[in-house]
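Just below sit the structures, each encoded as structure tokens.
Both complexes shown next keep subunit A, but they swap its partner, so subunit B is in the first and subunit C is in the second.
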Partner chain A sequence: MSERRLYIDPSRCIGCNACVEACSECETHAGFSMIHLETIQRGDTVQTTPVVCMHCDDPACAAVCPADAIKRTPDGAVQTSLKPRCIGCSNCVFACPFGVPKYHAGYDQMMKCDLCYDRTSVGKKPMCATVCPSQAILYGTPEEIAQGRRGTPINEFVFGGTTVRTKVSLMMPHGTDRLDVKRSAIVRKSDLIQLARVQSE
Partner chain B sequence: MAKLPVPVSQIVAEFGPTLNDEPVGGWRGRGEPDKLVKTHCCFCGQQCGIQLKVRDNRVIGFEPWEEFPFNKGKLCPKGVKRYMQNNHPDRLLAPLKRVEGKGFVPIQWEEAFSTTVREIQRVQSQYGKDAVAFLSGVSLTNEKSYLAGKFARLALQTKELDYNGRLCMVSAGAGNKKAFGVDRAANYWDDILLADVILCTGTNVAECSPITTDYIWRARDRGAKLIMIDPRVTPMVRTCDLHLPIRPGTDSALMTAILRVLIEEGFVNEEFVREHTNGWEETRQVALETSLEEASRICGVHVDDIVKAGRMWGAAKTSFLLHARGIEHQVKGVDNVLSCINIVLATGRIGRPGCGYGTITGQGNGQGGREHGHKCDQLPGNREIENPEHRAYICGVWGIEDSELPHAGHTAQEIMNMIHEGEIKALISICFNPLVSLPDSNFTREALSRLEHFTAIDFFLSETAHHADIVMAGSLHEEEEGTSTSAEGRVIRIRQAVTPPGDAKTDTSILLELARRLGRGQYFQFESSEDIFNELRVASKGGTADYYGITYDRIEKEMGVFWPCPEIGHPGTPRLFEDLQFSKPGGRAVFNPTPYRPPAEETDEEYPVILTTGRVVSQYLSGTQTRRLGGLVELCPEPYVEIHPSLASEHGIADGDWMTVESRRGRVTLRAKVVTTIRPDTVFIPYHWPGKKSANNLTGRFLDPVSKIPEFKRSVVRIRKAEGAGPQED
Partner chain C sequence: MSAGSQGFPARPRQTAMVAGLLVSLAVSLGIYFGSGRLARFDAPLAAYAVATVFAAFAVTYRYTVWIQRPPTWVFFQAGWRLFLRPYKLVRNVFRLARLLFDNIIAQKFIVERGKGRWLAHMSLAWGCLLAFAITFPLSWGWVQFGVGANGVDYAVEFMGVHLFSFPPDGALAFLFFNGLNISAVLVLTGVGIAMHRRLFDKGAQAVETFTNDFMPLFLLFAVSVTGLMITASYRLLEGANFSFISLLHAFTVIILLLWMPFGKLFHVIQRTAQLGVAYYKEEGVKGPQAVCARSGQEYQSQMHHDDLVRVMKAIDMDFGPHQDLSPQEKRRLIALNQAAAIDGVPYVG
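Moving on, here comes the complex of A and B:
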């Protein structure tokens, strides 16, 4: 059996925040969640999605770190910043194409998902994937995904001509092999309401 | 004297809700646990397995319990934060008494018990036994539910006993009994996985029973279709195969129209109907009386979508129908339930793998708590209090004469009405916060203020307990041994992780001591929760909810046992009706025709907008517990009004504006959440908050004639943009 990996399936996400709340319970960063939940255009949809570190093969966060504080383990987990090294400059926060790292003033360092190294290294699932009620965050093997899930996992993303490959996969509709992230001009209905309000005042 | 001793703000300053954001010892100092206790979450009918971390007799954290078969470690945010109650700064640590002008002051247990008993005896000698009421709740274990019923009937000797399940599962219970003769989800959730079509109506599965979404998704992964009936686009509606955006309060019309499609398009399983049911002909006639166009007009759902739903349901080989409070919280709640059961029976899809039906129980022990006799018309084992054989059996178990067993009393809302009218003078309550959870809060507040005596048993000072004369500091879910029964009908073990803190006592010991002081100790000789369970087993034996074969040992070894389980060697019953024998005459299930009845209130020029209420994922019921947990409050700090942009723009309301919603009962002023995910004729407010933020200031005391459930899911209101700032604390 192949090694287990993390898969994110936004179509299943119910926006409950169990992942975020459970993440913040971890002893190593207690009270602070290393992942977050995005609410997408609530005016028009109840779509939400959990944002965990995608664990890039060639992580931009590490590349731009002037203090070399972000390390990648041999099996591909990009770690949270090393405490003595991190200078809190937030380069990584700005560089990450997925918007994952956050600088936390209380800890005075950048902290982000490290795939629950304490749990996965002893055969457990990461905490978020353990609790996720709808299993929008799933920790399993590629075979389990192929047999059990509709949709296709992808781990190749194109940001303005730069291709990023990741350890974590995103579930997409069948037939998708990569995600080409383009700037689009969506106008939200809620924006229109806001606009009308401004004009009426 | 159940008026507030001091202003609410002063009570809140002292007793909360204050937010507990960190575990005992702070985030960095909680240390390694002494033990991990395998128990369950207290916040909803799914009863997820969870392990609590305990150190120095205090709950300090949690660890998922991945071996427990229902949820396999999965938890919603309420489950993640449930551990923070036992060390909470608001936790009541001693009994309290009301002191005019001072608030609530700690007293000794002796005074709490003797005052309560003296007042009960005074009221009963002056006005009669039934002038004292007992209100209970189904977040209690099976043992405490059973004890509450026996306590009210034998210790208080009152017939006026009811419970907060009256606001929860009674419509489903009454429907189940009429159709099947047994009140339980017909299947365990594993049958969802095998269904080809899943129909969910009146249930925001994602927020109210989050773990169930994974069962539905696993079915969808193998190709199952999902039909959702809901006035809002909830997270499961967002991706479903067919959404019927129903007008609140019209459900039976829609399901009856779907039945008509099944009849007209030849999807009825004639053999099943002929061999295993009664009442088909009349039900068929009623279904054919209303045209699809007329149903469409009533429900606000397009005819084509009704036909699509009928075909999707009709053509499937296997199916699972789930419903919840959306259809049950109506003056025709029971009819709505029956209209759902009719399409299950018409297609004969029950009692087989992948063929299922059930209500999604909302409260922690909503299933078990509704079976063992703290309902006004019910005795343990889901027996009926007016059935002479059932009475005789329970009298035998309890060692009393029939004349000593009270007859049927009134339901929860009726009891509150009787308190308001002065017919009931004293109240003991446990696990019930009617000031937030009953409709028409202003009426409830007035009623409570008219009580001559009120003793509340609680672990936090709930809004209702603000009106108490005596408050007895009771126990949390994790502070007492017991069992509960999940939405699937699985009886599971609740573990005492820690003993009650300070001078708080277990709920059981409080009730036992009160019974002893009321001179009725001979009926309450229990040394442990297991003793009570063993009496419950005997009391339920031979009833439809038969627990006789279930023991604490078995539950632990088997990770739960499904009732009915009539003998020790019986494996339990995850799936009901496999032999197609129903607990009705001739072993036949019963069709019940559901001719359309309108809601209690129709919209008019004065009140042109429909209001519906419901839950959010981060809060539980009246919020007594969850409004105190920081992480959860952050996720949804305040109630709000969901409103469609077209309705909002008519009133000049923009996203985030304060808006006032007003009904014939009262008003609230909350922020608008302008979203396209709700019907344009309907607004939605979550109901977990008290006082000026309470959705139940708006709802009415309109009851289903059979189940006596209030019509929370359909009121009529008018709306306007609010002037100035929003609500003030009261």
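Moving on, here comes the complex of A and C:
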């Protein structure tokens, strides 16, 4: 059995907020939810998406940190900022290409998803994956994904020509090997209605 | 692209080596002249003094390398530039006093994380600072105790200059004679609370490491306990094993001083950057704001945006126009790109 990994599929998200609530139960940041649940384009679509840290191989957040406060564990989990070091500058908040880190003004500290390291380091699922009813967030093996899903997991993203590899995977249509993130990608309600018409005919 | 070509320091290690040597030279000269060309230097404390000279070199070396990293350099430069503007200098000095009180003296941002943590940190921080304030001048031969004019009082001398005298049985005498014992009790209180958290808090257990989290507590514990043992030896045990205990204490203190530049305690030095960042953020709020290329909303100060782009280019992490998006739009964009890639049913499955 291969190692379990985290898979995100925004198209499955139903916006129930269970992950947001579960996230704040994590022992390493008890009381604070680190996951983001975003509406995508209100008015055009009801779609929502969960956003967790993608745990980059070469994390931008850590690279731009002036205080060396963000560390990556040997197994690839990018940790929340070290409390003694973080000086609350928010470089990481704005450098992360996925928009993940959160600045907590009361603590003057950045906090982020750490893959529920208290749980995943001892073989348990992250909190969000334990409660997601539609499996938009799934913690499982590549074999489980290959058996149960039509799409392909990818963990290579391109932002403005720079490639970012991540520990967490995004589900994409079959045959995709990387996602070149384009600013212009927009799904409109009218497009979806048109699509539904075509399919019902 | 090398960092040097972007307006960032080109040879950080050489600069740091020079800075480290200069500071350790300054400490050595300070010891030499401050102790009246070693006339007042306390020879049994020589090992401590040598350790402080080494620590001065290593702390300065690490600090100088650290501030020259592109992201740190931006805040270091900008913090000083904003602080030293002539027409704002007076206001900035008052603001600094306030920031020093809130962040360094009262450590208010730690209260928010928990009262126990704050108490532990305050005890550790003030215990250590008090002990350093007492021992550094003593081991450098800067402070000496003599006999007062009346032949009974203790006289305090700083670099050979008589400062004041106090009677040997007053409250002041008690504080002077027990200063290090008080600091040891403070440190042990902090170590106890911190160790309890390290042992029983599941969140802390998940991410703590021996070198980063237990080692400093063990070292501080060893220094404090051996220090108290010295007092116990001459007060309660008629000096039993005194020389061995003082040697053991010296050993633990020297290990602490030598380890300080490399381990967790270096955050004491790094913390000062929080002050510069406070000025930077204040200035950012007042100035023009960067507008997100997708949402049209303001999300970050233009100054921070431009500085960050410069830093990211210098460290080969150029995300191009993606950097002109607010964090929220970046989060939405992944789902939008997924949706756009789906051909047919808007569902990956």
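The rule is simple: the second predicted complex is superposed on the first by the 182 of 201 C-alpha atoms of A that agree within 3 Å, B and C clash if a C-alpha of one lies under 4 Å from a C-alpha of the other, contacts with A are read in each partner's own complex, and residues count from 1 in each chain.
Please note the rule applied: contacts are C-beta pairs under 8 Å (C-beta built on N, C-alpha and C of every residue); 3 or more make two chains touch, one makes a residue touch a chain.
Predicted, not measured: the structure shown is a model, and the values here were computed from it.
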item: Touching partner for A:72 - first (subunit B), second (subunit C), both, neither; value: neither
item: Subunit B versus subunit C as contact partner of A:178, first or second or both or neither; value: neither
item: Which of subunit B and subunit C A:84 touches, first, second, both or neither; value: second
item: First (subunit B), second (subunit C), both or neither touched by A:17; value: first
item: Touched partner set for A:162, first subunit B, second subunit C, both or neither; value: second
item: Touching partner for A:30 - first (subunit B), second (subunit C), both, neither; value: both
item: Partner chain in contact with A:132 - subunit B first, subunit C second, else both or neither; value: first
item: Partner chain in contact with A:99 - subunit B first, subunit C second, else both or neither; value: second
item: Residues of subunit A touched, compared between subunit B and subunit C (which is higher); value: C
item: Subunit B versus subunit C as contact partner of A:4, first or second or both or neither; value: neither
item: Residues on subunit A lying within both footprints (that of subunit B and that of subunit C); value: 11-13, 30, 47, 149-150
item: Residues of subunit B that touch subunit A when the two form their complex; value: 21-22, 27-28, 30, 61-62, 64, 66, 73-77, 79-81, 206-207, 210-211, 213-214, 217-218, 220-221, 233-239, 617-618, 631-632, 635, 645, 648-649, 652, 654-655, 673-677
item: Residues of subunit A defined as touching subunit B within the complex; value: 11-18, 20-22, 24-25, 30-31, 42-48, 125, 127, 130-135, 148-150, 189-190, 193-194, 196-197, 200
item: Subunit C residues within the subunit A interface of the complex; value: 66, 69, 71-72, 74-75, 103, 109, 112-113, 201-203, 205-207, 264, 267, 270-271, 273-274, 277, 280-281, 293-294, 300, 304-305, 308, 311-312, 315, 317-323, 325-349
item: Residue ranges of subunit A in contact with subunit C within the complex; value: 9-13, 26-30, 36, 38, 40-41, 47, 49, 51, 60, 63-68, 79, 83-85, 87-91, 93-101, 106-109, 114, 117-119, 121, 149-151, 157, 159-162, 170-173, 176, 179, 181-183, 185-187, 192, 195, 199
